[in-house]
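Right after this note come the structures.
Paired with chain B in one complex and with chain C in the other, chain A is shared by the two complexes that follow.
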Partner chain A sequence: MKISPALASWLQVGPLAVILVLFFGLPMLVVLAASFFDFDHMTIIPTFILDNYQDLFTDPTTLRLYVSSLKFAVIVWVITLVVGFAVAYFLVFHVQSLLIKIGLFLLCSVPFWTSNIIRMISWIPFLGRNGIFNQMLMDAHITSRPLEFLLFSDFAVVVAYVHLFTLFMVVPIFNAMARIDTRLIEAAKDAGASRFAILWEIVLPLSKSGIALGTIFVVTQVMGDFFVVKVMSGGQSGSVVSALSNQIQELQYPPAAASAVILVIVLMLMVAGILRVVDVRKELAT
Partner chain B sequence: MRTASGNRPWTFYALASVFVLFVLFLYGPMIVIYVLSFQGPQGGLTFPMNGFSTQWFHELVVPGRSGDIAGSFRRSVILAAIVTVATVVICVAGGLGFRRRFPGAGVLFYLVIGSLVMPGIFVGLGISIGFQLLGWQTDWTVSGLGAQLTWTLPFGLLVMFAVIGRFNRSFEEAARDLGATAWQRTREVTLPILLPGIIGVALFGFTLSYDEFARTVLTAGSENTLPLEIWAMTTNVTSPALFAVGTVTTVISFAVIGIGLGSIALIQRRRGRGAASH
Partner chain C sequence: MAEATSGGRGSSGLTRRSLLQGTAAAAAGVAIGSGAVTGFPTIWAQNIKDVTLTHVGGSYAAIKEIGDQAYKDLGFKIEMQAVDPGTQLNRSLTQPKSIDINNVDSAAAVFLAGKGVLRPIKVSEYKLWDKTVPIFTTGKFPDGKPIPTQGISPMKAGFYTDGSGKKLATGPTEFLTIIPTLYNADTLGIRPDLVGGRDKITSWKDLIDPKYKGKAALVDYAPVGIMDVAMALEAAGEIKYVDKGNMTKAEIDKTTKLLIDLKKQGHFRAFWSNFDQSVNLMASGEVVIQSMWSPAVTAVRSRGIDCYFVPLKEGYRGWFVGLAPMAHLTGLRLDCAMEYLNWFNSGWQGAFIAKQGYYSPVIETVQKFLTPEEWDYWYEGKPAAVDIKDPYGNLMEKKGAIRDGGSLWQREGHVAVWNTVMDEDKYLTKRWNEFVSA
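Showing the complex of A and B:
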């Protein structure tokens, strides 16, 4: 029996499609529908009301939460971009041996395969009032009293985000840089280009797609986070999703769903904006 | 980029320092909690070490002391094993399917990317409301499993894309010219060549499931997986037992990573030797 190539492909991707439709596509539609539902103490009531959105847009805390989330996203984006670019550049252009390159790359990747919650918690003994960092500062006589702002603060939140998400910047930039033809750089050097000119006019433009992919990943991860901001800020800062998860705990599903819909729209606009600047398809096609 | 004289430029040393600091930043705090998990009985959450004991590890297995660590650990390992098998089968098939152009490929690809970047808790929220509307109970073996697959499948598929991108199709063509059937080609040529990548997919499947939190928190039902149990501990356990569970779970992760990467390295080495002897 001969089957057509299109049918063969669909048989192969069928299970993937079924799982993603059932557990991702449909649930997203459910969230959209639920954002128009009503609710009382225990149950959600299927109906069509706009109250959830009205409450969301008239509540002044909404804007504050978005400002807070965006602030974290921008700070973390800048830091992960600079660090991720430097690390990727080092691995691609300065490490000559392929074996060492793979080894160092894995060294950066291994923490990604361990628990995010544990990696976040591991900053507590480091940054606490009697923590290692404060001890070091006092031993070096840089401060006389322990710094209080290190743990359970916005600072701690940013540190944890950078710790968790820099890899998402390293990997795509590494991939993009590894594809740069080194002869291009040799030619530029022969033509008298400075190191900075090579970086600015060759490496950076050719790494753009990797930077864009990393940016999409880091920004969506930070904007979608709730547990880091809850634990590391000690409850003092909020984010859009941490407020949303509080609503879920109080079983207020429809307002939470409305908040989720708005955040997804904001994220989609941001991603669309990034894709407008950089054509990522080129990156994924190869 | 070596200079003509063979000396390394100053940028090498600058970037090497950045790299070393980055690695210290990645591993330093983690190593600290492994050390602190061996605190003495009177020890606290930070240095100095107050003696040395394994008491906090014992505390983990005493029922009721720090929640249901043993039970949640068992559930997490079982779930991760199921997710691994499902991810490997679905992603290998899916990756091979994506080699041809087929109607709907673009839509499916966007579904994959959407699933990857969607904040995890939203996926969990949708599944949980959906189950509620249908009158079903959420359970880690059904809703939890489905929710985790929306996270592991996109990663697995991207790994497959990378692996297949390097795959030389002339091996398959040669097998066809020699009269191999489609099934023989897949089983005896394509899959063995792709094996290291497939182990990579399994590695992603296991570790991402074993540590998954955001998608599982609303879909696990009444019984917790390990990350949910740890999350509960962060709010009510203020003893080094918290670090002890971190040490245990990281040891498991490292063991899985070691087995995965080790077997990939072994296969590559055998291949290198095989190629050299022919």
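Showing the complex of A and C:
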């Protein structure tokens, strides 16, 4: 029996399409519908009102939360990009033995063998007022009093994010770099290009797809997080999703739904923006 | 029956005898003995052992050991499910059939009443009502003083106006929303070693005292967090509330404004959202004064670090929970549920939770299940005559220790305000989010 090319494509696309429609499309429609509902204490009243969106857009907290989440996203993006790029560059171009390369790459993923929560929480005794780091600084007479900004602060949040998300930058950049034809670099060297010129003119442009994918991973995760922000800031900072989760906890679903819809739109715009700068599909196809 | 009628005894004897015969025959088929021993009328049915009731509540109340003991005493199974308050409310309303026995938080009763998911309980169906402490039955303390009315008091959450269960009453009626099962009086937790001594903190206003700048924490749960802050602001003379338990929008605005100012000055070290966080904040010394639950104080102390649930002159924040059968129960399952409700406060459970620092509404039954030393420590506020252990046998307090705050009525008698859900809770959540993100 011969399968027609059209049918083959459908069969290939089918499973993912079904999963996306069932587990993303439909729930998203439900959320969209709920965002127009009214509510009162415990009951959700199916009707059509714009109050939830109106509240969201007129509340100064919304903007503040988006600014705060975006601020974290940008800081974490810059740090993970620099660290991730450096790590990937080292692994691909400096390590010669394939075995060591794979070994080191696996080493990068070792922290991921434990849960996110454990990796994050372990920072708390380290950075605390009476934590290991403060003790070290004071024992070394670098500071005379514990540094309070280390924990339950924006600093702590950024540390945890970078720790959690750098690998998401390393992996796609590593993949992109590994596909760079080494003959290109040799040719550049022969033509007298400096190491920096090679990095800037060859490696960076050819790693663009990896950088774009890593950026999408990191930015969307930071924008969609509430747990890290809540724990590492000691509840001192909010994020878009932490406000939303407070609403869910108090069963105020319609405004939470409205907030979720807006966040999805914002994230879609951001991803679209990234994909506009870097045509991942084209880069991957080559 | 033939034998009974021919026996020539009095009619009452006849009835009793025939009844006994009947039960003996039914009981032969089922292996339940202890129900009769503890004096509870047991449902003599063949299929009772196939009944499993799902009891859903907070982790402090829905405890597996209690369900196991109920099975031993009653003969049907109880499956305990500990969930967070949001999930519980959600399931109660959207999947009521996934719950049989609802361990309702007093504040949640206001939400659940009238929704048709809980089955109203007639006072006559609950045998221990007469023995229940008066704060639940008449709204008075044992000394006759009325209980405070700010927040959701037992009078506001405890009764329906009639058997339909549509509306909450404001005082005692014949129809209960829940049978109260557990209550306590909460206050602030402090680190005596880091604030200069147990006697250094005497008022709620110390929570916002600049002395503790950067070393205070609050629970990140608006309905409770706002209450702790309101107690502090009122004690400091910053705001005078009409009813802290049900603030107006203007009062919420004023409170959040002061809170945001405090936060901007760096007064709060953290806002905690679960039990472990509150324990770690205190144990690590990040925080020296904060909102706290009683078992968290014990958890800090069990690490060898002094922590004190400090009695404050303005009084305590009281709360209570209770059980309600769900409305979907019928027939045998409903009978079992009512049996379970009547068993619940018969002493075993009360003694178990007493050792976690919670009180039972039916005190005399608890006393029978505690040793005299335990009773003196937990209920009478006397120095421990022996080492005090938790329900699992772990050491809690050394001999000579006195319960923080003293006896039951020294603590519960000074409740100033009850845990609450406000009419303006939607607005409160909004402002609270603003405060946390400020």
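By our rule, the second predicted complex is superposed on the first by the 260 of 286 C-alpha atoms of A that agree within 3 Å, B and C clash if a C-alpha of one lies under 4 Å from a C-alpha of the other, contacts with A are read in each partner's own complex, and residues count from 1 in each chain.
Methods note: a contact is a pair of C-beta atoms (placed from the backbone, for glycine too) under 8 Å apart; a residue touches a chain by one contact, two chains touch by 3 or more.
Quantities reported herein were computed from a predicted structural model and do not represent experimental measurements.
Once the two complexes are overlaid on the shared chain, A:I49 sits clear of chain B and of chain C alike. Of the two partner chains, neither chain B nor chain C is touched by A:A197.
In the superposition on chain A, A:F24 makes contact with chain B only, not with chain C.
Looking at the shared chain after the overlay, A:G234 reaches chain C, while chain B stays out of its contact range.
The partner that reaches more residues of chain A, of the two candidates chain B and chain C, is B. When the two complexes are overlaid on their common chain A, residue A:L63 makes contact with neither chain B nor chain C. Contacts of A:M136 after superposition: neither chain B nor chain C is touched. Contacts of A:F152 after superposition on the shared chain: chain C is touched, whereas chain B is not.
With both structures placed on the common chain, the touch criterion links A:Q249 to chain C but leaves chain B unconnected. With both structures placed on the common chain, the touch criterion links A:I117 to chain B but leaves chain C unconnected.
Residues 124-125, 128, 130-131, 231, 248 of chain A contact both chain B in one complex and chain C in the other.
Remark: chain A residues 5-6, 8-13, 15-17, 19-31, 34, 44, 46, 83, 86-87, 89-91, 93-94, 96, 104, 106-108, 110-111, 113-119, 121-126, 128, 130-132, 135, 163, 166, 185, 189, 195, 216-217, 220, 223-227, 231, 241, 244-245, 248, 253, 256-257, 260, 263-264, 267, 271, 284, 286 touch chain B in the complex. Those residues of chain C that touch chain A in the shared complex are 85-86, 89-90, 93, 111-112, 115, 214, 217, 220-222, 263, 268-273, 277, 280-281, 284-286, 425-426, 429-430, 432-434, 436-438.
Remark: chain A residues 41-43, 55, 59-61, 64-65, 68, 124-125, 128-131, 148, 151-152, 230-231, 234-238, 242-243, 246-252 touch chain C in the complex. By the touch criterion stated above, chain B contacts chain A in their complex at residues 1-2, 8-9, 11-12, 15-16, 18-19, 22-23, 25-30, 32-33, 36, 45-47, 89-91, 93-94, 96-100, 102-105, 108, 111-112, 114-115, 117-123, 125-127, 129-130, 132-133, 146-147, 149-150, 153, 157, 161, 165, 203-204, 207-208, 210-211, 213-214, 218, 227, 230-231, 234, 242-243, 245-246, 249-250, 253-254, 256-257, 261.
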